Amino acid sequence: MNLVNNVLILVVFINFFMLSSSRLVPCIRAVSLQGALLALLPLLTHGFTAHTVVLSCGALALKGIIIPRLLLRTIEQVGIRRELEPIIGYVPTTALGALLTSASFLFANQLPLLPEHVDSLFIPVSLSTLSSGLLLLMTRKKAITQVLGYLVLENGIYIFGILLLEAMPTLVEAGVLLDLLVGIFVMGIVMHQIHRTYSDLGTEQLSALKE
Amino acid sequence: MLINALIHTLVVLLLSPLLIGIIIRVKSRFAGRRGAPLVQPWRDIWRLLRKDLVISHTTSWVFFVGPVLGVVVPVLAFLFVPLGAFPAAISFEGDFILWLYLFALARFATAAAALDTGSSFEGMGAAREVTYASLAEPVLFFCLLVIARLSGSLSFNGMFGADIAAMWPTAGVSLLLVALCWMLVLLLENARIPFDDPTTHLELTMIHEVMVLDHSGPLLGLVHWGAAMKLMVSGALLVRVILPFSTGHPGFDIALFALGMILLAALIGVVESVMARFKLPRIPQIMVGAILFAFFAWILVLR
Amino acid sequence: MLLIALIALPLVAAGSALLLSDHRWRSALLPITGALHMGLALFLFIRPEAPLAPLWLDLDPLSTLVLLVTGGLFFACALYALPYLRMRREWGNRLMVAGQLAFLSAVSLAVAARHLGLMWFAVEASTFISAPMIYFFRNPLSLEATWKYLINSAVSVALAMLGILFIAYARLSGEGHTDLHLAHLLEHGTQLDDSWLKAGFAFYTVGFATKMGLAPVHMWKPDAYGEAPGLVGALMSGALAAVAFLALLRGVQIMDVAGQAELARAILVGFGLISIVIGAISMVRQPDIKRLLAYSSVKHMGILVLGVGIGGLAAYGAMLHLVCNAFAKSAAFLLSGNLQRSYGSKQLPDIQGALTHVPASGNLYLISFLALTGTPPFGLFISELLVFIGALQRHYIPAAVILLLSLGVAFVGFLQAVTRATTGQAPDARPAFRDHWLLVLPPALLLLLTLLLGITTPPPIAALLADAAALFEVLP
């Protein structure tokens, strides 16, 4: 339990790092590391069964390796390395992220948890990762960081899903991961098109459509 | 209690320049030099204390208050701090708040003395220093809250008493974060690289040094002594968190504490040698990050 | 067996579309698959089969209804696609055909899924498949619409997953073990933990309401429907919205069984009314004919949700509305696509005199306007009337009044647009693209179906609608 909690705390640190960092390659590597950590969790919590091993390998392959590689290739093709100043600035964003994290921890304390889940940090970290992902998605201007925010959001939901491993059979979990891959793939293609149309990945230009 | 207070006072007055000496020695070794002897800071302070005083016409009595409080406050503050497992001389519920504000008082006095000179450089330094210090205070506060929550006590003796060794296995992550944040605050408050370069001679790059630019002779000696004592006081708590062992024998405890302080000074020396100084706008960002980490550490122990 | 064929067939066809090299054969795959799919769906309706894996895939009355609607819609759009893709040859049709077929497969899976996770997977898949299709025209505005749609939908469906996981935890809390099979959840509904269920339903509803395009989370709809080709708009407004509605209703079913029906109803009625009002208001003075239809879609989705929220006769009306709206809205989208192509623009100032310039599309556009605004004898009139009466029956007087007023506002808004488009001085130049009979026949057929459903409801269909509505009645 202690080891699991420490892994989850590392996940929160990665969230903070992503909220405050302006360099894209370290951010992508951070998401990759987060995915790898998440892949460890089913093995640590539910032991080594066929289900958990398949899930862990799938998550590691997809979240830890394939998707980050896709994203790295996209930014390489597009040629950007840095994010612009977010809509509310780095320091307020990080402060807001920390506030949301604390709110998640406090909120999770209020939820009626099963006795075996009370000590674990799964639910607070899941909610905190979710909110950090949403924050990244909403406050950043470059499309690639919005995609990273979406990935962090999905990671948060995945953390919660680990608690409920028996509810999500292998096939469905595999489907979920596949969906994620397809989604990121499609986003990558659209980002490429955005770059070709606007010569950069800032989404400020994507504001022509109005009422 | 009187003997305790005497021991504390003697330790902080006499042993603190040693820390500065160690730092300088470590930095020199890194640079490939042999470095000044460890007793050099004492020699410097002694030399300065015997020199003549040169005072600017624009200053008033406020100019003297800065260095004087800079010496008095660390001595007072040290009385509250336990020397490792050796208890503090003065202890009551909530003494850590008094401790925090003693330092605020000293900082205010230094800043006032700097502003008193009427020099624009010193005013700039004062502004920078108080800005960064205002960001460092919440960090210290949250770190102390973490320890207070874990130990259930609101005075230094209780917080850093015998139980602290037991806290590590249960709240290891929080304590690690606390130690890290404390180290950052230590470096900031004592004007060390990566926040401020104590050896720079360019006024525009100074933060702390520029505030004491106009002091000379005995006042400068007091300033240096005060700085050394401040380092010792700030580091004492950090050492206790990192080395939470108690042997039961007061002599051994103090020795362990001394060893911890020496190691801390060496660590500061290493940090100063391997890191470069941060860009000035980065410092608030880093301190806000430290506030958030300390806050998070507190949230972790609240559950 | 047949059910699995229903889902697998379009997927296989999608794969073939990617591999085939001939443009015309690829386009032909669409109506062929559509016809086969439609046939299978009708067969399953007339002769329901015993499912192979009832916990995973099965058709209940609501599923059958949505399946039939989607199948019919797809077939009509497939016919439309034949000349359309030929005209737009320069854009290539490999991705479009493969995308549409994969979309049909995903939608069929979502409709038939009896495991919440599987259903979620299908809905998310349909999102990612439909996104590239919006970008068919390859211009900056459609790119922007595609990106916003992608991010919006991905996030909202992810939140819906969180809701599903909360519901699973509600079961774990109540029973000690958990799974997400709908049959089990409905069976053990009373044992679900209340707070987890309510929190889960909140996330679930927000997620799928965004996907459906209900206000106030409808922001992506005008952009996406506005910039997509008419064909894609027709499919999305008909099929995707219906599937999102189905997913939302699964959540309502669970809430009903768990004793939280009141809360669920209140949320539905709230969403419904807000959508109806905002949709109607936004339709007034809307210069873009496709965005006009998008807001109309928001309004109609609101009516659907309002009907189910009120229950009883209104729920039956909502089911009828689902069918009629899907057909009429798609017809309108296809016709708007025709108009846009003929005039080279979708802004009203540029579209004038459609009745003479492109007579077939122009006339049908006028008829689709009548259908969509609920003019008798079209089916939408009946369905909206039923919702209205149902609201009065269940003492939702303010809701009924708001419904009526908003329908009036929407009528005015739409009328304004249609009169300007159809009457007036037609441009002298010949239209850029003439009306091909296959571009006009599918919308005509869809509108005819809507008319027929307004005049009469054949007993099997009425029974199906009643059964579907009954799924959400809370038995005392």
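Chains: A, B and C, in written order; residue numbering restarts at 1 for each.
What we mean here is this: a residue touches a chain if its C-beta (ideal position, glycine included) is under 8 Å from a C-beta of that chain, and two chains touch if they have at least 3 such contacts.
Computed from a predicted structure; not experimentally measured.
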Most central chain, judged by mean C-alpha position against the global CA mean: A
Chain pair with the greatest number of C-beta contact pairs: A-C
Centroid comparison with chain C (C-alpha atoms), farthest chain: B
For chain B paired with chain C, centre-to-centre distance based on mean C-alpha positions, whole Å: 67
Chain A and chain B: spacing of chain centres that average the CA atoms, whole Å: 39
Separation of chain A from chain C, taking each centre as the mean of its C-alpha atoms, in whole Å: 31
Complex contacts: residues of chain A adjacent to chain B: 5-6, 9, 12, 16, 20, 90-91, 94-95, 97-98, 101-102, 105-106, 109
Touch list for chain B against partner chain A, complex: 173, 284-285, 288-289, 292-293, 295-296, 299-300, 302-303
Residues of chain A touching chain C in the complex: 111-112, 114, 130, 134, 137, 143, 146, 150, 153-154, 157, 160-161, 163-164, 166-169, 172-173, 175-176, 179, 182-183, 186-187, 189-190, 193-194, 197-198, 203, 205-209, 211
Residue numbers on chain C that touch chain A, as the complex places them: 115, 117-118, 120-121, 124-125, 127-128, 131-132, 135, 138, 140-141, 143-148, 150-151, 154-155, 158, 161-162, 165, 168-169, 171-173, 177-180, 193, 195-196, 199, 222-223, 226-227, 282
